[in-house]
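Letters A, B, C, D, E and F mark the chains in the order given here, with residues in each chain numbered from 1 onward.
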Amino acid sequence: MNPAAAPRTFEVRPSPDAADPVHDGSLLEVSLGPQHPSTHGVFRMDVVLDGETVVKLKPVFGYLHRNHEKIAENTSYLGSMPYTDRLDYFCSLTSNWAYALTVERLAGLQVPERAEYLRVITAELTRLQNHAAVCGFLLQDMGALGTPLMYAFRERERILDLFESLTGARMMCNYMRFGGCRCDTPPGWLEQARSVVTGFGAFLDEFEALLSSNEILLGRTQGIGILPRELAINAGISGPMARASGVAYDIRKVDRYGIYDQFEFRVPLGDHGDVFDRYMIRALEMRESLRILGAALQRIPAGPVIDPKAKLRGFRPKPGESYGRIESPKGELGFYLISDGGPNPWRYRIRPPSFINLTILEDLCLGRSVADAVVILGSVDIVLGEVDR
Amino acid sequence: MSAATLHLLLAAAMFCIGLAGALCRRNAILVLIGIELMLNAANLNFLTFWKYGPQPQPLDGPVFVLFSVAIAAAEAAVGLALIIAIHRRYRTTQLEEISRLRG
Amino acid sequence: MDAPDQIFVLLKHAVVSWFPTPVQPWISAVLSIGAILAVYPMIFALTTVIERKALGRIQNRPGPNRVGPAGFLQFAADGIKSLTKEDIVPRAADSVVHFLAPLVVVVPPLLALAVLPVGRNMVALDLPETGLLFFLMVGTAVELGVFMAGWSSHNKYSLLGAMRAIAQLLSYELPLLLSTVSVVMLTGSLSLNAIIGHQSEVHAGVLLGWNVFTPWGAAGAVLFFIAALAEANRSPFDLPEAESEIVAGYFTEYSGFKFALFFLGEYLGLFAVSGLGITLFLGGWLPPLTVLSWVPSWLWFFGKLAVLMGIFIWLRGTLPRLRMDQLMRFAWQFLLPMSLINLLVAALWQYSTPWPHLLRWLPAAILFGIPYLLYHRAFLRQHPPRTYRYAS
Amino acid sequence: MENLAKNLWVIPLLPLLAATVGTFLPRRLHRVTAGLSVAALATAAILAAAAFLSVVRGGALYSNVPWFETGTLSVRVGWILDPLSAAMLLMITVVGTLIFIFSTGYMAEDPDSGRFFCFLSLFAAAMLGLILSNSLLLLFICWELVGLASYLLIGFWYSRPPAADAARKAFLTTRIGDLGFLVGLIWLYSESGTVLFYDQGAGCLEPAALSGIAGRATAGGLALGTAISLLLFCGAVGKSGQLPLHVWLPDAMEGPTPVSALIHAATMVAAGVFLMARMFPLVALGGSAELPAPALVVMAWTGALTALFGALTAVAQTDIKRILAYSTISQLGFMMMGLATGGPAVGMVHLLTHAFFKALLFLGAGSVIHGCHGEQDIRHLGGLRRRMPLTFATYAVGMMALSGVPVFFSGFWSKDAILHSLSHWAPSRVPFLLGVLTAAVTAFYMTRQMIYVFAGTSRGPDSAHAHEGSPVLTVPLGILAGASIALSAVTTPFRPWLEHFLSPASTPSESGSVWGILILSALACGAGLAAGGILYRNLGVALKTGRDPLERWVPRMYTLMRDRFRFDEFYRATLVKWVGAAAWISAALDQSLGSVFRDLASFAASAGSWLSRTVDQGVLNASFDDGCQAARDAGGLLSRTHDGQPQRSLRILIAGVIALAAGLLFLATS
Amino acid sequence: MPPEPVLSLAFAIVAGLVLGGSVAAVSCRNRVHAGLFLAVALVGLALVFLRMGAEFLGFIQILVYVGAVAVLIVFAILLTRGSDSAHERRSNAPGIGIGLAVLLWGVLAWGILHRSPGAIATPSPPPSMAVRDLGERLLREELLPLQTVGLLLTAALIGAALIALPEPGISPRPSGSHGSAGTETPPSSPT
Amino acid sequence: MLGGGILHGLAVTAKNFVGSFTDPERLVTLGYPEERAPAKENARQFPFLVFDGADPQAGLRCVACQICEKECPPQCILIVKSKTKKPDHLGKPQFFPATFDIDLSVCMSCQICVEVCPFDAIKMDQEFELATNDRFEGLLRHRDQLARPNAHFQKLHPTDAAAIDARRAEELAKAAAAATAAAAAPRKPAPESPPAA
């Protein structure tokens, strides 16, 4: 008989280990992802379900692994810059900044004031569009059929338009350079940015009217996926996720990198640490970002945008090491570089917030239903480019 | 052969098929299926006598069938709940394996 | 005189009368069936396009706008595509059941549509004794179809979807039934025509006595349509096919035309249950104002259907989906008690007929108001308003 | 008057409302619940007094209302206020109020006392409803509610296994009687067509219905009235702790002491006696003075045996509450005797007087237990006379009333009335003698208890530090003691006002015989007291040996009495065993029947295989082994039908059905 | 109205549906198929009811049996899946069961065919079933049974929910190491 | 009130539904092939090679210095230096790329080649509709396909181009001045210097 002609019948045979509840059929093992509508990219959750309740969850990732750190160690310092775009492809500008900051510390470069302002403006715009989109995605995961997502994207498009006219690309901006920014703003850009920022405030009002008091949303998010403060600290959670659990940790305040000490803004904190708090913290942070943006767009000085000492070609920082971190929209994004004086970093290491924030996924999901697991994943705000690197 | 006879024969056949199922199957749920068939055969009998038989009261048959249907629904619900509970406890629905109560 | 109103009826009579008497009942049936088979799938096709366009507009997109004038031939493109797509049956699937499931899902709504009076004298299958019961009966068969689809696919998502679907359908069947019971109670008949006839009395000169204008009718309509949304797997109760959780639920493993059949069945079910709601609460084919009775009755029916569809689309574009336990809790802890209360209200309404009108509303207001406040309090206790602090 | 009858339902409703409201009050408000219960019952007592007075003035009345209609069936309920219910009403509300007040002190420290008072109120409400109902159905509902409430109260400390067991025992035992009651009730309903007692001539206790029942006999030759009465008496036996079903009563002491007081004095046990009094027209049907109705004879004998049994058992108990419990059983027997021999008035008077002094005794015992921190064993008490003088004084009153100390105590007179009617009872003199003996034993064991508890010096650490309770505990005792004495004013045979009130038709007794019985009764009491006093005069010395003085005197008898005549053991050895045996027999039958079938089947198979073997050898020349194998296969196949499965039984059943159907059809067609 | 032919084609079809469905329901090796065939048989029976003019009962039949009981059964099959293979093992002494059933049918058929055919076949005026009459009957004469059945259904509902609720302690959660959950671990069935 | 949040949301979506008909700010979607977003000067897609004059071969600014090849992060550029030389716009003989291939399927549009090019020879195009059936050859651009006239660059990035052209004109002028100053060597005519924009 031809062994290739497998029989057409399919029979679930009891496993030899009959005591294993997964195999005796009382539990259901489902693989959510890597091609699943709700896993935010090629992420996979190996979920064991009792009915619909998650009794075991194993995050599986690496499907998008691109060997980023090793590539960077074999590329010039500058050549890694466009790759950082692709770490968190929603927030390329903040990734740029984190990398530029680290290299600047390594090489001791100064950044002109206008460039600092531009960095703050682009970073906060990035935060706006990221948070808006995340809230939209969260609702999408809850089955809101994309309406909030579409509203978020409508506003995000305006911000991406700004990015495109400033940096030439909507998402892969590749804008920061060691010692400043690649180019100055095109004419009329600041006015356009101001109008976008103004419009964003109105959008936020509408977005919150649509969602924040919606009973279904409250029911779906409050008390779900509670991340206790201690766990958040112990697991190294950062960003809005940590702040939703009441951890007052915002690197803009802690490190005061760039010129953030010149701006007035508050850091909202949640008390419950559940999905709703994470959502609300993001909404409140957007308001704070709008304040920063208003001030920055008002006060931005004229001047050069890049340190004239910065070399583009043949950039060889002196031997040493540095760690630079910023508050990316997803949390603490850190770069660690060791230079041996050559044109390539000797060691290049990233601390991606998405990855670290993802580690507690099982703790948040155990005992909840699949639907909650999906929503919790949505509230963690991950980008697989950053997780898998 | 009158219509009544035919219907009665049909009911008898259905009853016996259900009986065979209840007697032979090993799975508790399948036995329950056989019992449901038997119950329904009884219902058919009631209606047959209502339709073709002598009628002391015009609606006796249907009323009886209605009650029988209601009780059958309750029976099915409780029976299935029992089977599920047993399954949860002993991980089987095979009748011969559920023998804790045997002397 | 009322030619436009009765045009289809007369047309049918004319056609039937061409045939010899013995076959006339058959011809009549064939014509009715043909009409149902032609009209509702057509409405389905249009609804899909309109829904997509309306959802697009709600989301600030133009929606489909390529095929045909303003995109209105999109359904044709979709249909052709689904017809020509490869029909994939998973190897592990139980192929016979897998094949039958879409049929079992599509046929019952079609049967149910047959008993709906869409206009004066326009009902394909008039069951004076048991019309409503027939409707509810065929509705239950869908559950079996859904189960067959989910089980036969041998896919875990399908299975989860089917389990969800059955739990949901069984749970919402009850409030649906109970809210229709109030109508039956006050009408005293299961015939849909009689129910419409009961609503035709004139109040205050213009308003007709639709059931929805009574307290129990209004509440019953709300309860009915909530349950109907769930029965039809519409957002926010679309858990059985929640794509963000279980891909496409019980029809994950269907493709091509079978998938389209599920789609069709779902929409036909929605039409049927909405049509039933129109008949029970919204006066069926009756106009809202007596001065508007020159408009053909069938236009009223389909107009009301269109408005309902619009509301459903609107809801779909707005609301997130519930979770399974919330869904079940909503059915058992809110809809069911409320529909029981509604029965009580309906009974009170019936017994308080001689009372002054305002006084008749009072018990209803109390009976609905108090549970509503209790639910409100319970919700607030569960979800107290939150404030956020800022780091110093 | 009419209004009063129509609104009688308010009286049971008040405690019921208190119970309902109390249920919904949070736990920490248990004082509010207690206050509410007391207030509700006190109000009910005032209303009851008004009702009583109105009956005294105007006689009985009742009112019936339709309750619900189902199709053609209309169910009506009603309230009745006749002397019987009025007297009971007053007694229950007054005694109940006093017990409630006592409980507020007794249960003050229990965090669950809110629940306790809810149950108490429910208990009182159910009992009041039972008293007032003019309908068998309502009476039965209240009857069951009384059972439920007693179950809840006995098992109030449900976390203690004995309490939970006792509650279950009480519930199940009374249920056995209730089964008979229910059957009798249904029978009565089907015979008389109404559940109302009095309904303008149409009620089931009115002459029309009674004459319909009278003279008819059941299948066994028993008179219909007797059969129904005996079934109803089953209920009374269960509720009132008569002889075979008394076992729950002593165990019911596991509940808090006020509950015991309530159960033993006012409510639960009274229900059975009351039921018989209520149904007396039916029970006494067809009897005459010379030849009483058979049901009454049964009642009298049951009562007599119960009375003696209870008294004898009480003699050897060491638990203060158990002694009282057995004395209750004994007194209930007295009541039954009185009821059966002298008519409802005689029994009920003793019920009423007994209610007061038994409540007094139980509350006194509660006071002792409360003062001695929960110590209930009389061997560890003693010398409380000085430490708890108030309790001692009131307890002594109760004791003397119970013992039947002449002249001043109501118990004497009511017991005397019973003895008097017994002495005239035509069928037999034995119950009279038993009654006198019981009276003597009663005095004996009460003396014993008094000496144990109050005399001498304390024998335990708890009694050494005993103290008198708060006024909340002692004032009810005082009132009850007063009532026990005062009641004698209306119960003497010279001025039997209460008896007349309860049953105006009863004939006044001849004075000559009155004196004889009075003296006899006083003598019996005196003998008991004297025997007790003599036997227990040196208790402290006697107890050094660790044995009761009586035990030293009649050890075997004492052991038997201490072990309650081994009723529980008897039940355990018989009933429980029998049930087990029945189960075993049916199992064995199952097995053996199966074996028979199996044997038949395998015999048939063997026969078949023998045939096949012969054919094989002869025709096909096959081997011997093949034939055996075939036989084994066939036998195995058939024996597989008997693998201990439910379907096997089903198969046999179906085979039987087939045989039956075929037989019937054959008979019908031929 | 002309007397309907005794053995009409329609009757043959629905009877075939009933019998075929029944046979398949009790003989199918695949349990879910058995459940579905039960639904087929019950639909067939409902059609028989319809043919007899008992519209209301026919619809109720489908509503309750197909809509609820059959769905419950397949649902239960689904919930208890995995305890043993999806397909049924060989039947429990099929010969005896089938033999008994056939025997019973024979006896019954014999009885039906020979027992006073006149009494059964006397066609009284064809009864009709008005739903209103049925309701009146139920709510007047049969009110007590109706209430009782209502009570029974409520009790069954609550009971079924209680029984089917997972017992605490034996839910098969894999809590860390399996089998160390406690003393309540179900005994594994002997092989 | 319970249900108020849902009604609130319904109001918002209704507003958006109406707004998408009346308010162009809400309906921001463009019907892409017909409608296009306004071109942004900074926008970048894939690189192209700038040549001056009319002849892509002669006017190619690239001198095959291979800096971009080295700096290109995804290494999508392949340059083979010519064996011979050709004069640049200043008349200096320079190598030129015999092969200049860019694999667009690898290129990530980062613009680093543009930034590091000292000769302003490689610039970013804005063409993006590059769909092809052949993912190997179809997206591999060779030198001649990559070459675009300076006018194209001027059209895409006018600001940038003006600055570069001015600088180059300046260089040219400086070179011419130097040439006149030197005056010794015979003057080589520069290939058609582009007109200043």
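Definition applied: a residue touches a chain if its C-beta (ideal position, glycine included) is under 8 Å from a C-beta of that chain, and two chains touch if they have at least 3 such contacts.
Note that the coordinates shown come from a computational prediction; the quantities given were computed from them, not determined experimentally.
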At minimum, the number of touching-chain hops separating chain D from chain F is 3
A student comparing A-F to A-C should find more C-beta pairs in contact for A-C
Relative to chain A, the most remote chain by C-alpha centroid is chain D
By Cα centroid distance, the chain farthest from chain C is D
Averaging C-alpha coordinates per chain, one finds the centres of chain C and chain E separated by a number of Å equal to 29
Rounded to the nearest Å, the gap between Cα centres of chain A and chain B is 61
Taking each chain's mean CA coordinate, chain B and chain D are separated, in whole Å, by 45
Multi-partner residues in chain B (2 or more other chains touched) are 19, 23-24, 88, 91, 95-96
Flagged in chain C as touching 2+ other chains are 58-61, 159, 317-319, 379
The positions of chain E in contact with two or more other chains are 56, 60, 68, 75, 83-84, 92-93, 96-97, 100-101, 104, 108, 142, 171-172, 188
Per the touch rule above, chain E residues touching chain D in the complex are 92-93, 95-97, 100-101, 103-104, 107-108, 110-111, 114-115, 139-144, 147
In the complex, the residues of chain E that touch chain C are 30, 32-33, 36, 39, 55-56, 59-60, 62-63, 66-68, 70-71, 74-75, 78, 130-132
Chain D residues touching chain E in their complex are 70-73, 637, 640-641, 645, 647, 651, 654-655, 657-658, 661-662, 665, 668-669
Residue set of chain C touching chain E in the complex reads 94, 97, 127, 129-130, 133-134, 136-141, 143-144, 147-148, 151, 159, 162-163, 166, 170, 173, 188, 190
Listed in rising order, chain B residues that touch chain D in their complex are 19, 22-24, 31, 95-96, 99, 102-103
